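So, here come the structures, one by one.
In what comes next, chain A is part of two complexes: it sits with chain B in the first one and with chain C in the second one.
And now, the complex of A and B:
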């Protein structure tokens, strides 16, 4: 396939075009300050999108990850306060493990009962969120109670700048965490047997199983990794906003799925790449954030996201049909 | 003798229905045992007949979308948008006396606008799915955002409060001692059951869901049928929206968001196959009644709403497991 036909290139082209247009409407878009804050907004949605990408390549869909993220985040922060623990590594491992365990639940139902992933994840998501709010608690953990180590970690910057008026701004170091995870997932998807198995499962489960892929192992891998990424992102989010809110992330699944679809992944499975997803996430975050810069009323935000989903899915559907024809 | 035979064949054919009835009775007995004085009060059942039609209609709407192997995640958006369009129109036509005394003609116009919203929204879903070949999940996920977004744009965020009295009658009134929404639900449920069982359209939908390829070779106009089924889903959702706005005397962009999961759950619980081809109005109706009894029982026992969400989710997973187990032994 010629390089200009690759979906990543097409997405990047549209992205640059959109950036130029937004920059023309309001040159403030190009300020370093705005760019840094845009990149910062990419981190959490981006990490979650990596998990959703994995599920979508395998031909499934996941709407339970916001619930998993919020549960892992809230329980971990509660645990840190309870044990008076002031480290960073162990809590992130705990949050990711919790997410992975929740993910196992998804994998179990999807594999064992051959149930449509949408319905399974609707059920598990509702269960986990209901459990968290109904049994663990509904009160927010504010900055005065948040573990300091977590906040300090979330505060770390790569570069620090001082504006003319004396206020400082910087590029968050969390972007490195995001890029690191993205590269790792890219390598796994491209260069390991299990990664190729995810694509094979999405392309044709029957064929994948006959070729000798262990469908059970792959299904568990997909949903556990997606859950772990969600749990990790959840805790990172609370560190970045200095707040653990058990009602957080409601409705986030739509944005993340939109970003992944925008990045060229096909819901029928077998297609999608880490680079495309990252571009899709950037595009979605940029459009949402730039509505304010472009002086469009924020009430239009949902409509714009909806239109983007419909257009992006229509284009991918058209591409898939052409590819199959 | 003959009757007994009939009864047995009914049992065999609709195993699922019997199971559902048994479950409903079980829930009823357990709740009665746990809190007899509160659960058995007439008031409790009366309030259920006011609340459940909205959810019941949304679940039937979901089932219709599932018959062709699809799903409609935009039903809540359609319901709210329908109520809001009608509400905005009533505000426009309001006299100095206020919205409450709006004439019958205007209320009728409002109903037409609400139903029209559902029809157009459903047609948009259907066209995206049949013409642009977008998967139902993603198409309706996107349009759901658009409908909810338009609802926010129309209202600016807060609820539209104040509907005409005649409109409120749809949600709060009584016909022959029965709740109006309940009567409306029964009538619509019978109508949909008739359409699905006795008309060419309904039978075609079932066939398309069972085996799309065979249906195509049999010469069924698949695209037209699927489009019509989403339009029907849209109209049902808008009727739920009319009842919701009538009952609460308000319309808002984020009312009833928890109904989405519940509608999917009830449709699946009621014996609808999400892969298409199977589903009955009767099954869905019994499932709604069962889950309404469960939720009202839990509320009487002072369980938190979040815990009820937990139990709904658990129920959905259990039903999946039980259905899979049943299908394997068969």
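And now, the complex of A and C:
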């Protein structure tokens, strides 16, 4: 395939074009301050998008991850407060593990009962959110109660700058966490047998089992990793905004799925890449960010996200259909 | 090290005394398989010798696929013996079967369209060696070697879904050959191939044979079996009804064994006296469309069955689609029953009495999870509902009449179409169009995947409709005998244009096959 036909190159081209246009409308867009804040907004959506990408390559879709993320986050923060724990590593391991366990639930229904992933994840997501609010609690944990270790971790920057008016701004170190996870997932998808198994499953499940892939193992891998990424992202989010809100992340699934589709993943499965997804996430965050800068009402932002999903899906569907013809 | 090689070269070690190598690769003796009391294979014995091309012939439902699954270890026989290389194999699992060198190429090829040729080829090795980390360079080498072994050109970096059917098949064959195959079972390998591609396939099959690999060719196309194989086994209703060297068989004999009936086909004669003076049902004048159709002039009178063949991509399907209103924006004119008609949508065509039975009846023509009745009536609801409601009684009558006329094997019109055999499904599609009182019927591959018995029946019905009702038929097919036996004229298309027209009474099947092969 010629390089200019690669989805990633096309997406990057569109992204650059969009950046130039936005920059012309609003020169402040190119300020380092704005760039840093854009990158910061990429982190959480980006990590969740990695999980959704995995599910979408395998031919499924996941709408349960915001619920898993919020449950893992809230339970972990509650636990940290209860035990008065002030480390960072263990809580993240705990949140990711919780997410993975929730993911197992998805995998179980998808594999065992051959259910449509959309229905399964709608159900599990709703269940987990309901249990969380019903049993664990509905009250927000504010900055005064949030574990300090988490806040300090979320605050760490790679570089710090001072503006002319004396205020400081920086590039969050969390971007490294996001990039690290992205590289890891890229390596898994591209260079391991199980990663190729995910593509094979998305291409033709019947053929995948005939060739000798262990479909059960792959299904569990996909949903558990997606769940773990969501749980991890959830806790990271609370550290970055110094707040644990059990009603957080409502409606986020649409943004994340839009970003993944924008990044060239196919809704029919079998296609998608980490680089494309990262570009898609950046594009989505940038568009939403620009709408905020332009003071456009949040309700209209929903319209924009909806339009992006429909158009991006239409383009990828058209591309895939043409490839099959 | 040197000594070791010398020792090997001295040879005698290879001939272990007392171990006489068997000439047979696999032997099935008195194999029986039942599914919930239904006998699928009854006391069936089959021997495939090393390096032979063996044809397994049988109609749909005769037990062919069960037999394949027994050999590939998917099913365990209820009784009977299987031996490989002269040694009895007690339990043949899918893995064990592959280890013995049995490879099945399924009709759908089991390939991954979203992955490249290289990855499709190397994946099995990867999995067999239980590697967790991939080595892309090595995978490419494995793939390159597999392709070169086949002696064909394939771009390793193309996604498989971009390949033609023939290309996909080559990938599947290359993959099967990679795993030290000793018997390759090909399930209906020529179904979707054109004449030229079949020729290439046969060359490859012969080449594989020359390396001592046996091939089991599962088919119901008689001419191909006779052309390619050394040995033929015919099964019917799960029992072996004939087997022997290919030279002892001819088409009529195989058909008789497969169906248990004598199917005689006489060429179709158009009743010129009755229909000759009537205006053509359909006539095109200088019909063109982009590069697909180039100045097509075709006239079909009532009662005529005109055959149309050509390679895939010759424009034959586009011609069919344009006559069914699916190629709006064509140039030239189309006359139906002597009147110029513009066909810009299928609705226009249906109203004007044109019917189209598509190539892929499953994806284009039928609602598989619906009953026979709804499938048949799906284009006739307007006629059944003069007011707001559907006339149920009339609908039922129509369906019952059609089931009777078309001899569809079903107790009731409610039976789901997916439960019918290929031949019966095809009849449902044809019945649907007859209910619209079509005057011009386009059949694209009318009997692809239909067994011999049903095929003859469908042909009879079409011929009768043409002869008695004055239906005009355009029959598109790769199956040359089908065209010669059922059409009064045959037209060859190439690169969007008509290249030759023949009266089928003065043309032999071989002449047409040769002409098709020579098109490039």
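The definition used in the following text is that the second predicted complex is superposed on the first by the 319 of 325 C-alpha atoms of A that agree within 3 Å, B and C clash if a C-alpha of one lies under 4 Å from a C-alpha of the other, contacts with A are read in each partner's own complex, and residues count from 1 in each chain.
As a convention for this text, a contact is a pair of C-beta atoms (placed from the backbone, for glycine too) under 8 Å apart; a residue touches a chain by one contact, two chains touch by 3 or more.
This is a predicted model, so every value here is computed, not measured.
Participant: May I ask you to decide whether A:200 touches chain B, chain C, both, or neither, giving the answer as first, second, both or neither?
Facilitator: A:200 contacts chain C only, not chain B.
Participant: Which partner does A:177 reach: the first (chain B), the second (chain C), both, or neither?
Facilitator: neither
Participant: Which of the two partners, first being chain B and second being chain C, lies in contact with A:69: first, second, both, or neither?
Facilitator: Neither partner.
Participant: Using the touch definition from the top, say if A:306 reaches chain B (first), chain C (second), both or neither.
Facilitator: First partner only.
Participant: For A:94, select first, second, both or neither according to whether it touches chain B, chain C, the two together, or no partner.
Facilitator: neither
Participant: So which one touches more of the residues on chain A, chain B or chain C?
Facilitator: B
Participant: Considering only touches as defined above, state whether A:254 meets chain B (first), chain C (second), both or neither.
Facilitator: Only chain B; A:254 stays clear of chain C.
Participant: Give every residue of chain A touching chain B within the complex, in rising order.
Facilitator: For this pair, the touching residues of chain A are 61, 109, 112-116, 118-120, 122-135, 138, 254, 257-258, 261, 267-268, 297, 299-310, 313-314, 317-318, 321.
Participant: Which residues of chain B touch chain A in their complex?
Facilitator: These residues of chain B touch chain A: 71, 128, 132-135, 137-139, 141-150, 152-153, 156-157, 261, 264-265, 268, 274-275, 303-314, 316-317, 320-321, 323-324.
Participant: In their complex, what parts of chain C are in touch with chain A?
Facilitator: It comes out as residues 106, 108-115, 119, 123-124, 126-128, 131-134, 136, 157-159, 161-162.
Participant: Along chain A, where are the residues that touch chain C in the complex?
Facilitator: 1, 190-194, 196, 199-200, 202-204, 206-208, 210-213, 266, 269-271, 323-324
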